[in-house]
Every structure is written in C-alpha cells, then in structure tokens.
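Note that chain A is present in both complexes that follow, paired respectively with chain B and with chain C.
Here is the complex of A and B:
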C-alpha cells in the first residue's frame, strides 16, 4: 500500500478551525479549555493530547517594500517601520495596508524517521500499513519516553490518565477508505489528503504558482526526504519561515545523535573512572 | 462589502478561493481587517456606516470615465425614463428629497413618480409611510403603469430629468476626495476599486458584489444595497453569469424563512398581508396590491391558489375562497415594535423559536425588561438559553434591578430537534432549495418545529371541535391533514413540500406558476415555489454530482422561480436576443426554433416571447412586458436605477451619518436618515452626536459582529465544548493607538460604556483595527463580537446590551453595526455600582432618561 498523508497548503487557510472541531468530534477528544489567550484568534495554543489539529494565527505588520525586494526577515526587522507607499501595498497578494494575517493548521508530522515509535518500550506506537504513526491506546502504559523524543513537541500525555494521545491520521477512517475528518471538513482544501507522491507533485506546482505571484518567502516544509527526519507524512506549504509559525526550522530525529551521545557518555565515563582511580590512588599516596 | 464571508460563510467561501485561483481579483471593503481581508487581494478599510459614500464614489467614477454599459442601461433599466419635473434631489434641498412632511417624518411621493404617470403608490396612497400592511408597504411590487409603458422616455438619455442624468447629478459630488473625507480611506482607494470593477465589466466580463448584514444593520440598510444595485446596473452586471448582487443569508435558512415567511407582514411568496379596513374583499385586495403589468399582474391566481392550499374544499368562489379567514394587520408589529409593546404591558404571551433575543437583540436589557411583562413565554431551543432563563439569571439580577420572586412570567422550555434529526430544506442565496434527510431520531423529548406546530394545531382543533362560533372556522376549516410517521408521529415533511408546490384539481402536480388559476381549480402554498414537486418528484432532493453535468448544475436541488438558477437571465442576451459576447453566453433567442435557449438554465422569461415583441399599450400582466425587458417582476420590465415608489427614504441612496456618530454629515445639514425609526424613551437613550453638548463623552465608534467560532447569540455554540473552547471569553478589539490613549493592556480587561449599559471584555490589541482619519480627526474603533451571555460552558457580558434601537424604517432592522461608546481599562463595577457608572456617563453627556 502506498504511503498516504497530508499536504497542508496554508496559503488558502481561512482560519475557520473546522479541522480542529471535526478532529475532536470524530475522535471524541476531551475539551481543552485554556481561556482567552490574547494570541490573535488562537485559544487552543498548541498541539497536545487533547488538540490533534491546531490552527496558528500570526499577525504581521511588515514594511512591504523591503519584502518585495526579497529581503530576509532579519533585513526587514532591521529596516525602519516606514509606511509602505500607496500603490505597492494595494497590489500585494494576501496583504492589505502592510498587514498580513497568516493562518496555518498544524498536525502530527507522521515522520519517516519517527523517534517516538522507536523509543516506545511497549510497542504502543507503531507504523500502520498506510505509513502513518499511531498510538494504540490500549497498549500505551504512560511511560512518556516518546514525549521528549518528538522533535516537534507533538506527543503529550493526557493529564487524567497519563497515556499519550495524538493524531492517528484517522486510522479507523482510512481502513474504511474514507479521508481523515479534518481534510473532509476543510472548506477551502487547505488540508489535502492523499498518496504522498501525488501530494508532493501538487505542492511543487502550487509553490511555483505562488512564487510567480510574488510570494518570494513561500516554501515547502518537511517535503524533503533528505532532511533530519527524512521527510514527513504531513508536510506544509508556508508563506514565511517555519519559526514564524512556531515550527522548528531544521527538525532532526532525536535518535540521530544517539551514537554520538553514547560515545560521549562512554568517553566521559572512562574519564570519570580514570579520575576516580587517580583520586583514589592519589589519596592513598597522600 | 458589508460581508465577512470567510468567517461567516466559510463553506461558500471555498468558491471565492477557487475563483481566485482561477484569476479572479478579490476586494474587501470593510471597517475591519478580518479573515476575509486576509484572503483578499486588496482590503480597503472604511469607517463603519459610510458604505453609500464609497459606492457613490464608484458611481461617480463610472460616469466620469464613460464606463456606463450604454446598450444595457438604455434597454434594460429605467435610465431613459423621464421623472416628474417637480422632483427635487437631496442635493438641492439640504438633505431632503421633495415631499418631506416633518409632521409625520415621511415623504409625500407625488413628485417622485414617472413623468405623466401620476406619482402615487399602487393603492392610491400619496405618502410613503412605513405602515406595513398591504399596499406595497413592503415596496417590491411597483406602481400601476398603463400598458407597462413609462409615458415619457428619452432614448438619448440626455433630458435633464431622465433617470440617467438625475443619477449622474446626484452622485457628482461623491468625488474621490469627498469620499475619502467621509470614509477615512484614501482617494486612490476609491479609484483603484472603481477601476477594477470597470475593467472587469462589459460585454466580455462581469463582476459580482457580495454583501450580508454588514449592509443591512444600518439606519440606511436598504439604501446601502440600492447603491450597489446602481453600480451593478450601470456596469451591466445583473442577470449575467459571474455578475449579480449576492445577499449572503443567515444560518442556515433565513432565505427560506423569508420566502415562506416567519415575517409578520407578508404571506408566502411575498404577497402582502391584508389590512382590516382597506381590504374588505378579495377583489379590493387584488386591485390595491398588484400592479396590473408584469409577473405581479397575476396576483389573483397566486393568492386564490394559496387560499385553496390552506382551506381546501371550504374555499369556494362564493366565499371569496376564504379570503376573510386570513389574519389582518393594521400596524407595525415587527420585532422591536412588538418588544416595546410588550414592555408597555400590551403583549400577554410569546412563542420564541430558534431565537435568543435576550442576547441577540439590540439594547438587549430593554428586551429582558419586556420579557418580564409577559404572562407566559415558550422557548424552543437545544438547551435553555438566556431568554428561557431571563427570570432568574440576567445582568439585572446582578445589579438588583430584578428579582426572580417578582417576575410573574410563566416560562415553558421545549427542547428542539437539530437539522440532522428531521427532514426539510435549506434555501441559499441563489434561491436554491436543498433537501436534507433525517439522519437519526431526535433524543429524549426533543421534537422538530414541524412536529410542534402540527401537534399544537391539532390540539387546538380538537379543543375547538364542534364549535359553532364563526371565529373558530378559520382554524377548523384548515387542511390540517398531514400523514404522520415514525415513533413520534412526525408529520411527513415531503407532504408539506407537495402542498407548497401545488396541485391541479385532479390532484396531479403543477409544473410552474404559469399554470395557477384564479377560479379555484389549482392549489399552491407558495406561488414562487410552484413546481418544486413537479412530476411527483422532490426536485429539491436531486443530488446529481457536478462531475455528471455542466457548471450550471441544473439537476442539483431546485431554485425558485421555475428552477431558475440565475434570475433575470434574459439580460444575459442583448436586446435582439444575441449573447453579449461568446465568453458570457448564457441565455439567447433561437430565431429558427422561435424560443429562448440556454446553456442549461431555465430562461427567466416567457419561453416563446420574441425579442421584438412589443405590447399594444393596453396589454396587462405578462403581455405588457416587451421582448427586450428582462426584469419581469417590475411593472415596466426594467431594472430601477431610480426607485419611484416603495421606499420610505427616497428614490436614490444618499450618505447620512449613523444615528450615533462622532462626525457631522459633511454633505448636508440633515445629519442622519430623516425617516429612520427611533424610540425616545427612558430605556432607550441616544447619545449626543458630533457638535452637540456631551458628544465627547462617547468619543469612539462601536461596532458589533460575529466570529466563525460561534453562532449568533451563542445558543448553539457556547453550549458545545468544541466550539466554546475556541473563543472562550468575550473580548474587544482595539488598535495599539487607542490602547495607548486609554491605557488598555493587551490580555487585560476593559469596560465599554454607553448610555444603555456597561460591559466588560478582555482586550485584544491588534493592528487589524485601524484608526482612520476623518475630517482631520482620528476615528477610533472598538470592535465587540456579541456572542456571549450568562448561560453555557463559556459566559460573558453581551455586547448588544450597549446598542440603542435605531431602525431602518423600510425594514425595521436595527443599526447593530455602529454606535458610539467610551472604553476604559479594568473590569466593570459589580452590583448597583454598575448602574451608577452608566448613570454617571449619562449625566456627563447630558442624556435625558
């Protein structure tokens, strides 16, 4: 079976949060009430045990002239906040009066190299026949090893039962040949579900079109199989740098450094042992 | 404009996104930078309540740049018609049209009419009062016009008093600079938007205007839409594919409940409600309510068939088909008129269905005080809402003004079924009926509205059975015979659709309203819906996928009238019946077949009426409409750039300031719409406006609105965990500049005060709220979503408590979108101190209560 996943095209996300609601409704996830956050229209804050789809809202006020020249964020930040000139601002895509409101629906990335799955001692986390990464709720013992293993901070224990809960890419629906609830609910097709190869191709076309329309910062995120997780089952088209959306710019499978860590630990242990011996023997001598 | 489509109609907005992907340019003109603005190619912020000025600027641009679509305008609109030379424009008389009657705050409209046609309304009335029963009070059907012909026409459109020249002169002062000074935008904004519309209109291209309650919730609501109509008519964008003015209707079936109305002043299909004295007979009713030319010329078959649907065999020629059974109304019983009467003790009981006026209505404190005067109140909703619980839980209980033991109202709460738990239809902005099937039985005691109404009627009829009292006959003679099904004895919704669609005497189904008869041989519950059950098939339930038909999708659902997907589509062809262009081909005349053809829609025109058909001058009904006049619901078949009859506030839209405004009207001495409906009483105080003593006490513009995450007054969303968590608290949106000026802290609390109420909200400081410079001063805006109340998973103060009642007198809709206010940091006082704060503000502003 070919690997399936999500392509989330944030350039057409209207921030309706239908994905969050459809996900919770289908998967019967408890309410996650955080109160008023003040973070634009985002009051669910982050992915977690009780939020498997999360829409980020980023309000930007940038001098557009600087961006139009292809300047980096740093250049822009250093530039003065001089108001943009009248006509330039009228013709920018998705921007009005120097203001830009980015919206993006985040989800578990279903990494190719999924550390969570590898560190799970019980086998609760497994890779499905669709290439997705799923926690089996009846096997998870709540050890929490997977939580720090995730480079995106997606894995999270539910407070009342200690087990880990996350996006299953609607494993139950996939088995019934139905698309995940969030993708079905998305009115503008910002969340697209399908075979990854097809989605990648579509994403490349979309990126080219946006770049042509002047969106010089538009970029694909986690679409590269050479990155630190060897690509993901959920990848994104972003209109700005990943950091702007609260996403790690260069995520790495946490196990990649295990060898170095063990080697370093070994070296340290040897050194420590030598030191102790030296101290002990040195002490006797004294 | 006037719509936040991405947030309020996200599912429909997918088509805007798709159009954009295919090259359409999306422009959002709106006071706030919303999720819609974020998706638009261009957002133009304007001051709330200045839409007519902005649209007036576009009209002026169209004339200044010779962008009028002349062939369209000359033939299809009333542009060449000469108006009475007695007519005087607002431009010439300090903000009033000719005929102003200060004693009644209304216009005598004799001078507004077509020249040589007499200026009176259909019923022979001379004053356009906003009384609402019959006689064209609803405004839509038009005047009597002999033979359907305007008597005085100048085809060159040069006469000083022809409509085109009147319109040109009326809007001449709306130059980009004047518009910018009123709206707070830049002059080049007006030009950019106008240029885009002009470049994208004409034979080869069309533009569409989309609006919603951002236009209707004003004291100039109807005229906002009129102004857009003028733009679209001048550019030839009505009745053509990709054009139109699309009213995004409320969730989910406001269009349907207007067509077969829950409104008090019309019968199904926009037939006026009769008046007790002026309509003593069916003959008189028909004579006074239908222009005798155009589609309304057949009012008699429409109403006779309606009476036959309701009273069946009891309705005969001899008893005027039971016309005397129809209820009569003799005054304004619209929502706020009713609530004020209730406040004065004049209403004993209320059935409140699918509405939460204790949160959703303007000046909702006044509403709650009124509810306490009722003997009884029935509320039907999913869960008890603020209206059902007003007697024990309201802001007035907190301040000590109300006590549960003092309120005598007996309240009944009846749980309602959701749309997934019943059969029925939704009607969308395209007049498209889409049937939905019940997915499951409603839980517990929940029942559909249909179940409740039917069984209520059944119980009443059982109580009255055997009565000899003539006043009981209308109820006892009703055709109340719907088949019941299922465990709850649910009436069959399809059977009701059949009654609406109509039958012939032999019981077979009707095809279209053309077949309706005045002799009682047909029955039809709503003439505009005639044919929705054509051939014995629920046409609204058709669901042929788009992949199996062309883009018109004529086999998906059913659209009134006659399954027409685009109304007035005769206008998509030129006067000779040829498509205006190959690119915009839609409906055209086939000379060989001698009939109208189309890409797949029903032509909205008599199918074999040739483009060169001309009426005799003595013709009536549809025979009076020429072959090149597409707007068949008007007595002259023309679209009205200038409206000679039907509107209380004038034949042309003019900029007036909102009821409450920090600015003077720069155009005329007359500040606000002179015909607006205001209620001067202690419970409904108004603020002083710019220039009046005390105006500075309420210096900011207040606007209320909705968010994607909640549904109107919150009854269907604050009670649902997954929605409640998304917007958990009442918040207000202010600009960084206003936050700095008033010491408001992002994430902290603010108290918003008007002469009506003081409410507290969390503060969201955002660049999306933009202060605008108007008349050299900064106009600060306080934005307040109105979804919260005292009941539910998430609660909070109600923004609509802040608003006054100030209505558009055409339609009695309140000005929710703009008022004035003050804002200060911190939470509001508790208990009596809250009232004292409001009192202190009133004192400072010199507001009399």
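Here is the complex of A and C:
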C-alpha cells in the first residue's frame, strides 16, 4: 500500500473552516471554546486534543517596497510620503486596499520521522498501513511524553479524559476507501488527499505556476525528504515563511540526536559511579 | 537570535509539557534512591554496617515513593502497567520504566535484607545490582527531558545528565548524612560535598553553553529557584563540611538544606522548560538564524523542481478527484 497524506495548498484557502467542522463532526470531538480571541478570525488558536484541523488567519499589509508585516497602513503611508517629499502614493500590489490575507488549514504532519511515536513508552502511537501516525486510545495511559516531543506542538492531553488525542487522518474512513472528512468538505480543494507521490508532483507544478505569476514568497513546506523530519505525510504550499503561520522553520525529530543523548546519560552514569567510589574509598575511615 | 522574529499572533509553536509537581519530585527521589543504594553497597564492602543500614533505608524510601509519584501523574493511572508493554530504546521513558522496576525490586530486596535479615541469598545478588542500576536511574531522567523539542532541555542535552547525576550524588549524600551518626557518616559527607560542588559548577557551564536559549534561567521563577537552590546547597554544604563531622544537629540541618537545594534545582530545570516552550521566540529564533547562516536548510523550499509548464498545472481546480483504492478488506 503506498503512502497517502495531505497536500494543503494554502493559496486557495478561503478560511471557511469547513475542514474544522467536518473533522469535529466525523470524529465526535468535544468542544474547545476559547471565546473570541481577537486574533483575526482565528478562534481555535492552535492544534490540540480537541482541535485536529486549525485554520490560521494572518492579515498583512504589504506595500510594494516595504516588508511592513504588522505595521499599520497609516505608518507605511507616512513613510512613503516622507520618502517622496510629500508627493508619495501608497503603492500596493495585492488585492484590496494593500491588505493580503493568508489563510491556512493546519493539521498533524504525520511525519516520516515522528518524534511522538518514537518516545511513546506504551506503544500507543503506531504507524498504520497507510503510512499515517495514530494513537491507540485503549492503550494510551496519558504519560504525556509525546506532547513536548512534537516539534509542531500538535498533540495535547484531553481534559477530563487524561489521554492524548490527535488527527488520525481519518483512519476509519481510509479503511473504507473514503478520503478524510476535511478533504471531502474543503470547497476549494485546498486540502487535497491522495498518494504522496502524486501530490508531490502536483505541488511542484503549482509552486512553479505561482512563482511564475509573481508570488515570490511561495514555498513548499515539508515536501522534501532531507529536512529534520525526513518529510511528512502532510505537506503545504505556503505564501510566506513558515513561522508566520505558526509553523517551525526547521522542525527536527529529536531522535536524530538520540545517540548524543544516550551517550551523555551513559557517560554521566559512569562518572557518577567513579564519584561514588571516590567518596566511599577516598577517606582514611570507612 | 534575529531581532524581528516573526510569529503567528505571538502564539506558542510547541506545547508545554502536561507533567505536574510529581515529576520534578520524582527526579529527586529517584536520584537519591539510586545513589544511596550504591553508597550502601560500598559501605558494606568497607565494613561500615551503620552507614550501610541507614543508606539502604534512604534508598528504600526513595524507591518506594518514585513509582507512586509517577503513577499519580499519569492521565490514566490505572494503566500504569502499560509502561511495561514494550522495551523501546528510542524512548527514555520506556527504558526508565524498566530501570525503575529493576531498581525497585533489587533495592527492596537489599533493604529488606539489611534491615530485617530476610532473603540472605537473594540479598547478596540484589545489593550490588541495586547499586549498579542506581547509576543510570539517576541520569536517564535527564535524557528523558532532553529527548523532546523543548529548547532549553534539548539544547542542554550534553550537560543535563551530568547535572542530574551530580544532583543525585548531592541528594543521596545529604540525606544519608542527616540519617547517620556522625562517626559513621564520613563517606556520605564526602559524597554530598562532591555532588554539591559538581552540581553548582555544571549548572553554570550549562547556562553559559545555552547562551541566548538559557534566558529562561535568567528571569522569573526558574531563576529564583536556581538561585535559592544554589544558596541552600552552599549553605548546607558549609554546615556539613565545617561542623558535620562533630555535630549530629549540624549534619541533620546541613543535610536537609542540601536536599532542599537539590530538589530546588530539579524544579528550576522543570520550570525553565515550560517557559522555553511557551515563548515562540525560543523555537523560531535559533531555527531561522541557523537557516540564514546556511547551517540548516530548514523545512521549506522556494525553488520548484519543475518549470511552470501548462497554465493551470497543479491548480486545485483541475486536480483529479481521489480515485477509490481497491484493496483487500481487513479480515478477509
């Protein structure tokens, strides 16, 4: 069975949140109420035990000659006016009044090298026949080791339950030859599901087309197998740097440093033994 | 780190650990138990029965408290036995669960033999075994927290095991010093003082090597805990060093102070990890800086591997629908 996953083309995301709703409905996920966050239209804020698809909203004001992320339109206009001795015009290139919306549906990356899976002591987290990473909720004892291990901050413990929950890539739907709920619900085909090889090829063409059209910040994220997690089952086409979307620029599976970690622990244990011997035998009296 | 670190509305990138107070307390009790077992075994070799008995008592106390603390912190405590479903070297928590089981069994047998005379034959094997298991038991917890994405822990992966080892020596030595008559306690005093000097030194080395990543140790609760614990260790150490050989009250006071300092250091490291996971700058800053310096390629790529080709190629609007895959039904 070839590996399947998501290609999320954020350039066509309209921020409708159908993916969030479909995911919650299909997986019977409990409520995660934060109230109005004040962070644009984002009221789920991040992935977690009760949010397995999270739509991010970023408002950027990007005049042609300035990377004014977060600067108010007034500041930029004043700067432009000052620079041209009072005759400035605010040159912008985006749709609308110099405002660019970035919207993206975030999800568990189902990493090739999945730190969560590797640190799980009970074996609850495992790799399915589809290449995805799933938590067996009848095994998980809520030790929580996977939570700080994930370089993307995906997993979390569910309150009043004690176990850790995350996106299963709709494992039950895959077994019935269906696509995941979020992919089915997405009205613009921003979330595309399929075999990873096919999705990768499609993504390259899409990146090339966007760059040709002048989107100089378009980039593929987690599409290659030589990054810190050796690629992922869910990769993205972004229109700015990953950190703008809340994603780490260089995620790394901590297991890549495991040799160092065990070597240090082992050496320290030996040093401790030497210290013990010195203390026990190092004096005149026993 | 770059000055203008871009974030998503200031939201954290990582999740803070879900562990609570039981965990830094376990770091303390496990280390104290592990090294006390070694101290007890070596004391018996030197014929210091008084010291050995007290050290086995301390070891037993620590090793009995440890699984209780860990089980209490689980999200589903009744499933604690699932920790032993497998032995997984990529998981320090898995390796540690087995280490703790082995330490528990051997230390329990050894202490029972030492204190009641029971299990004489098993005790002869259990005692050195407990001493040996106690060493990795004291350092694997550092490997556990280093094997995460938490910047201040992962960044100190080479120093933390030595810090925890020194802390274990300090805690065991101090606890046994407090519990033992002064004429028998010299090895325990030496262990406590050696551990104290090592812990303070290694802590400074760790913070220096962390550089900007070590900022959580310079401010707020982790900083206060680190400072207080160093003061307690130094103060208690002075008491033990100057008065411990002659005065039991000084040994008790100094020993307990040093234990408090050892516990405080674990809490400082614990809290620093939380602070480091909560602020996105500790994740984004170093990662973006390494990419800009050309040391890391990062997770993103701007250059397509193909040329643009057909207009609309790769467009979501023209993507074919997902074909239904035919595969053998499960259970066929």
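In this section, the second predicted complex is superposed on the first by the 231 of 286 C-alpha atoms of A that agree within 3 Å, B and C clash if a C-alpha of one lies under 4 Å from a C-alpha of the other, contacts with A are read in each partner's own complex, and residues count from 1 in each chain.
Just so it is clear, contacts are C-beta pairs under 8 Å (C-beta built on N, C-alpha and C of every residue); 3 or more make two chains touch, one makes a residue touch a chain.
Just so it is clear, the structure is predicted and the values come from calculations on it, not from any experiment.
By the touch criterion defined above, A:189 lies against chain B and chain C together after alignment on the C-alpha atoms of chain A.
Touch criterion met: A:226 reaches chain C, while chain B stays clear of it. When the shared chain is aligned, chain C comes close enough to touch A:149, but chain B does not. Contact with chain B, but none with chain C, is seen for A:36 once the two complexes are overlaid on the shared chain.
Comparing chain B with chain C, more residues of chain A are touched by C. Once the two complexes are overlaid on the shared chain, A:170 sits clear of chain B and of chain C alike. When both complexes are overlaid on chain A, the residue A:12 reaches chain B and chain C alike. Looking at the shared chain after the overlay, A:59 reaches chain B, while chain C stays out of its contact range.
Residue contacts after overlaying the shared chain place A:107 against neither chain B nor chain C. Counting contacts by the rule stated earlier, residues 12, 40, 188-189 of chain A appear in both its interface with chain B and its interface with chain C. Interface residues of chain A, counted against chain C in their complex, comprise 1, 9, 12, 39-40, 42, 45-46, 48, 56, 58, 69, 115, 118-124, 139-145, 147-157, 161-164, 175, 177, 179, 183, 188-190, 192-194, 202-209, 211-212, 217-224, 226-229, 238, 241-252, 254-255, 257-258, 260-262, 264-273, 275-283, 285-286.
Touching chain A in their complex are the following residues of chain C: 5-9, 11-19, 35, 38-39, 42-43, 45-48, 51, 73-77, 79-80, 82-83, 85-86, 88-94, 97, 135-136, 138-140, 142-144, 146-150, 153-154, 157-162, 164-166, 168-169, 173, 186-188, 190-191, 194-195, 198, 273, 277, 280, 283-284, 287-288, 290-291, 296-302, 304-317, 319, 322, 324-327, 330. Residues 6-7, 10-11, 13-14, 17, 21, 28, 33, 35, 37-45, 186, 188-189, 192, 707-709, 721-729, 731, 746-747, 762-764, 766-768, 770, 793-794 of chain B are the ones that touch chain A when the two sit in their complex. Listed in rising order, the residues of chain A touching chain B in the complex are 12, 14-18, 20-21, 24-25, 30-38, 40-41, 43-44, 59, 61, 86-87, 90-91, 93-94, 96-97, 99-103, 187-189.
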